[in-house]
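Chain nomenclature is as follows: A, B and C, assigned in order of appearance, with residue numbering initiated at 1 for each chain independently.
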Amino acid sequence: MISERMLNLTVIGGLLAVALAALVLDQPFTITLATRVAILSLAAVGLNIALGLGGLVSFGHAAFFGIGGYAMGILAYHAQTYTPLDLGLFTVAGTKSMPVIWLVAMVLSALAALLIGLLALRTSGVYFIMITLAFAQMFYYFTLSWSAYGGEDGLSIYIRNGFPGLNTLVPIQFFGICFVILCAALYLFHRLEHAPFGLALGSARQAPMRVETVGLSPMRLRLVAFVLSGAITGLAGALFADLNRFVSPTMFSWHMSGELIVLIILGGVARLIGPVIGAVLFVVLEHYLGGMTEFWKIWLGVILLLIVLFARGGVAGLLSPRKVGHD
Amino acid sequence: MTEPILETRGLTKSFGALVAGDDISIDLRKGEIHAIIGPNGAGKSTLIQMICGGLKPDAGQVRLMGRDVTGDSTASRARAGLGRTFQISALAMENSVLQNAMLGAMGALDHPWRFWRPVLARSDLRDRAEACLDRAGLLELRSRRVADLSHGERRQLELAVALTLQPRAFVMDEPMAGLGAGGSARMTEVLDALRAEAPILLVEHDMDAVFALADRISVLVYGRVIATGSVGEIRANAAVREAYLGEDA
Amino acid sequence: MSFILIVEQVLNGLQFGVMLFLMAAGLTLIFGVMGLINLAHGSLYMVGAFAAAAVAGWTGSFLLALLAALMAAALAGAIIEMVVIRRLYATDHLDQVLATFALILVFSEGTRWVFGSFPLFLDIPDYLSGPVTLPGGIQYPLYRLTLIVVGLLVGLGLWALIERTRLGIQIRAGENDREMIAALGVDISKLYTLVFALGAALAGLAGALVGAIQSVQVGMGEPVLILAFVVIVIGGIGSIKGAFIGALLVGLTDTLGGIFLPELFKLVMSPAAATSFGSSLASIGIYLLMAAVLIWRPTGLFGARA
């Protein structure tokens, strides 16, 4: 049993240490795995704002992940083909600059989260789950039939996008970018959780009637949480696409949405470090179990079942238990 | 005569064939405790919900300080000065006592759109919350988790959160429910003092408390107000005796 | 755009709709009675299709294949209900979503393990193949017409079961008041297993019936599951009638949109652009329909009022 703070530092420090050790030992593939962990963690930290703090079981966060991915794919595609991007009223040039791409990815996913949130938050419970799932699927089918950007085949980007002053093609440098963004997102999550907004949002999850009777609107709190959450997951999507130098409709698939929730649950719901632990476990399982058997997801399913039925706090809960109110 | 602080005019609500509210007109005046009593299923919860905004009446009006708030949300009624306590505690169970009270202070003094500085560092919210916890006798327990509180302590916290709002009128749903004799006596004392600050619409089953506290009593039976009057008048009212002896003995 | 084409497409939409109804009916029933969201419902659809394909390959009989689909799906449903699902009734929706998502992983990968990744084929039997001539001289595949009829019959049977039988009374009571039916001496855990198996059997039947016009493969249930969710959101949770109307609306919108939207846009834009834009829009048509229903009635067309 260790303190939560210690656990957080160990996990984050461990991720950095693995990447640095891989650099020293000249194991670029391990650095890529660590980068994958950082990006998936980031996506799940985004989801954790809605799911953990706000109690909103979004089964459609692949929508934002995919929008981020396609924002990167489309901007970079126009840059690499030297064709302008036609937006109807005017055209813009594509770009290979990461900061610009991130901004576009976050704005677009926030906008999508606003629209989906406005509709889905009119309902709650199972409706909310099914509606978020359905809207993500809408994007999936849309990109599947969007032949201008590769349809089912997706879009390949030949050279990773650039960041001023860095060579993003060097694995450890790209890892550094993702790691710093992850740390920033974790810090943001931590501040949010303890800020007035976090208190109001958490109360709206536990006792929505109370929040209303002190004059606050649970719906608006949730909507803001959902938009923030979508923007961060969208940013992760842009980075994920850059890691693979490829985007395709599978980023929108509902398995993606499910896996993001799984990351959080494996790690521990509403725990700051939960998503990172979950992502580490997921990538390790995927890599090692996947190396042993093609059917590794059976075992992922079994592990998940056991956690849901018998270990509600996830791994963070096992390592650093914290009392959670049940009634 | 001055405008009542809180008033309902002809509130009516039915659920299918069941009439839960039938032309209910009551008012709450400055400085008083107005108790609503009635047998189970008389429509007391429906009335509270219509007043606080959880249910939309089929007909009639709710007026707060002379303004029609019938179309307003629960949240905007709260901002307009309606402080409510729940029969079944509606508190954030995983949070501390202080956090629950600070939520009320936030609703009253500020807005929730602050994303960076820790809420516990906000001394203005904290002072208000602690003052109200003190009045409700909970200051010692401020860092306790609500889930670990006793039933009676949760009722005290309900009251404390309502106090943080500094409302113009209180609506209290059975604040005595589940309190022991000692708890009831203390709560009675607190409410007695509170009426000078803001009048209380008190829905309560505990008749000792009602008779000790109420300036006026309205009796609700099958969604209708069958009598309104002072404690003495209600005790003597034949229709009330019949309703109670017939239904709720 | 001829009259015949329109009739054909409407029939295709109906056929798609009634198959969606078989899925959505089970889901909405399970939600209504047990309050459970079951993502693994698509896996039961898949189980039905694989069982049918395997038995058809073995015996050559389509009817035996259908029977096998019903039984395999019902059995799989009863087993997962007893082993996993019943532990989830008292938990929150997040746990239900996760556990049933885990079941999908187990079912999908398990099926891939046993049957491999290549699709299986289930043939339409001779007596149901070929076209039939409808009034007005319209030729339409007999098998698809059979699916419409079967779907409608099952819908009718389900209605009769719920409105007219003792089991139906228990199911309706279970939707309203669990304690009441427990007090009446109904074995509630047996009832739940039965309802779950019934929903599973309907999904398995749909899987087998559709499997004969599409290929039988791992993951085939998932797109259908999500469409069934759209159906339920439109129709309202817990309402069989809502599931029926919603399923037909979704089936018709999806089928007709793909055909008519490109034609519609050809009136105002170039044919190539119209085809591309129209088919993209058609691919999201049912979601737009769902959004419209949500704006109009957040709890669905026949859902309980908040």
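To be clear about the criterion, a residue touches a chain if its C-beta (ideal position, glycine included) is under 8 Å from a C-beta of that chain, and two chains touch if they have at least 3 such contacts.
Predicted model only: the values in this text are computed from it and were never measured.
Novice: So which chain ends up closest to the centre of the protein, judged by Cα positions averaged per chain?
Specialist: A
Novice: With centres defined as the mean of C-alpha atoms, identify the chain lying farthest from chain B.
Specialist: C
Novice: Give, as an integer number of Å, the spacing between the C-alpha centres of chain C and chain B.
Specialist: 48
Novice: How many Å are there between the centre of chain A and the centre of chain C, using C-alpha atoms for each centre?
Specialist: Result: the chain centres lie 31 Å from each other.
Novice: I'd like the Å distance between the centres of chain A and chain B, where a centre is the mean of that chain's Cα atoms.
Specialist: 43
Novice: Spell out the part of chain A that touches chain B in their complex, as residue ranges.
Specialist: 191-192, 194-203, 206-207, 209-217, 221, 224, 323-327
Novice: What part of chain C is in contact with chain A in the complex they form?
Specialist: On the chain C side, the touching residues are 31, 37, 39, 84, 87, 93-95, 97-99, 101-106, 108-110, 112-113, 222-223, 226, 229-230, 232-233, 237, 276, 279-280, 283-284, 287, 290-291, 294-295, 298-299.
Novice: Using the touch definition from the top, list the residues of chain B that touch chain A in their complex.
Specialist: Of all residues in chain B, those touching chain A are 52-54, 73-76, 78-79, 83-84, 86, 90-95, 99-100, 102-104, 106-108, 110, 112-120, 122, 125, 145-147, 161, 164-165.
Novice: Considering the complex alone, what residue numbers of chain A touch chain C?
Specialist: 51, 57, 59, 119-120, 122-123, 125-127, 129-131, 133-135, 137-138, 141-142, 144-148, 254, 258, 261-262, 265, 269, 295-298, 300-302, 304-305, 308-309, 312
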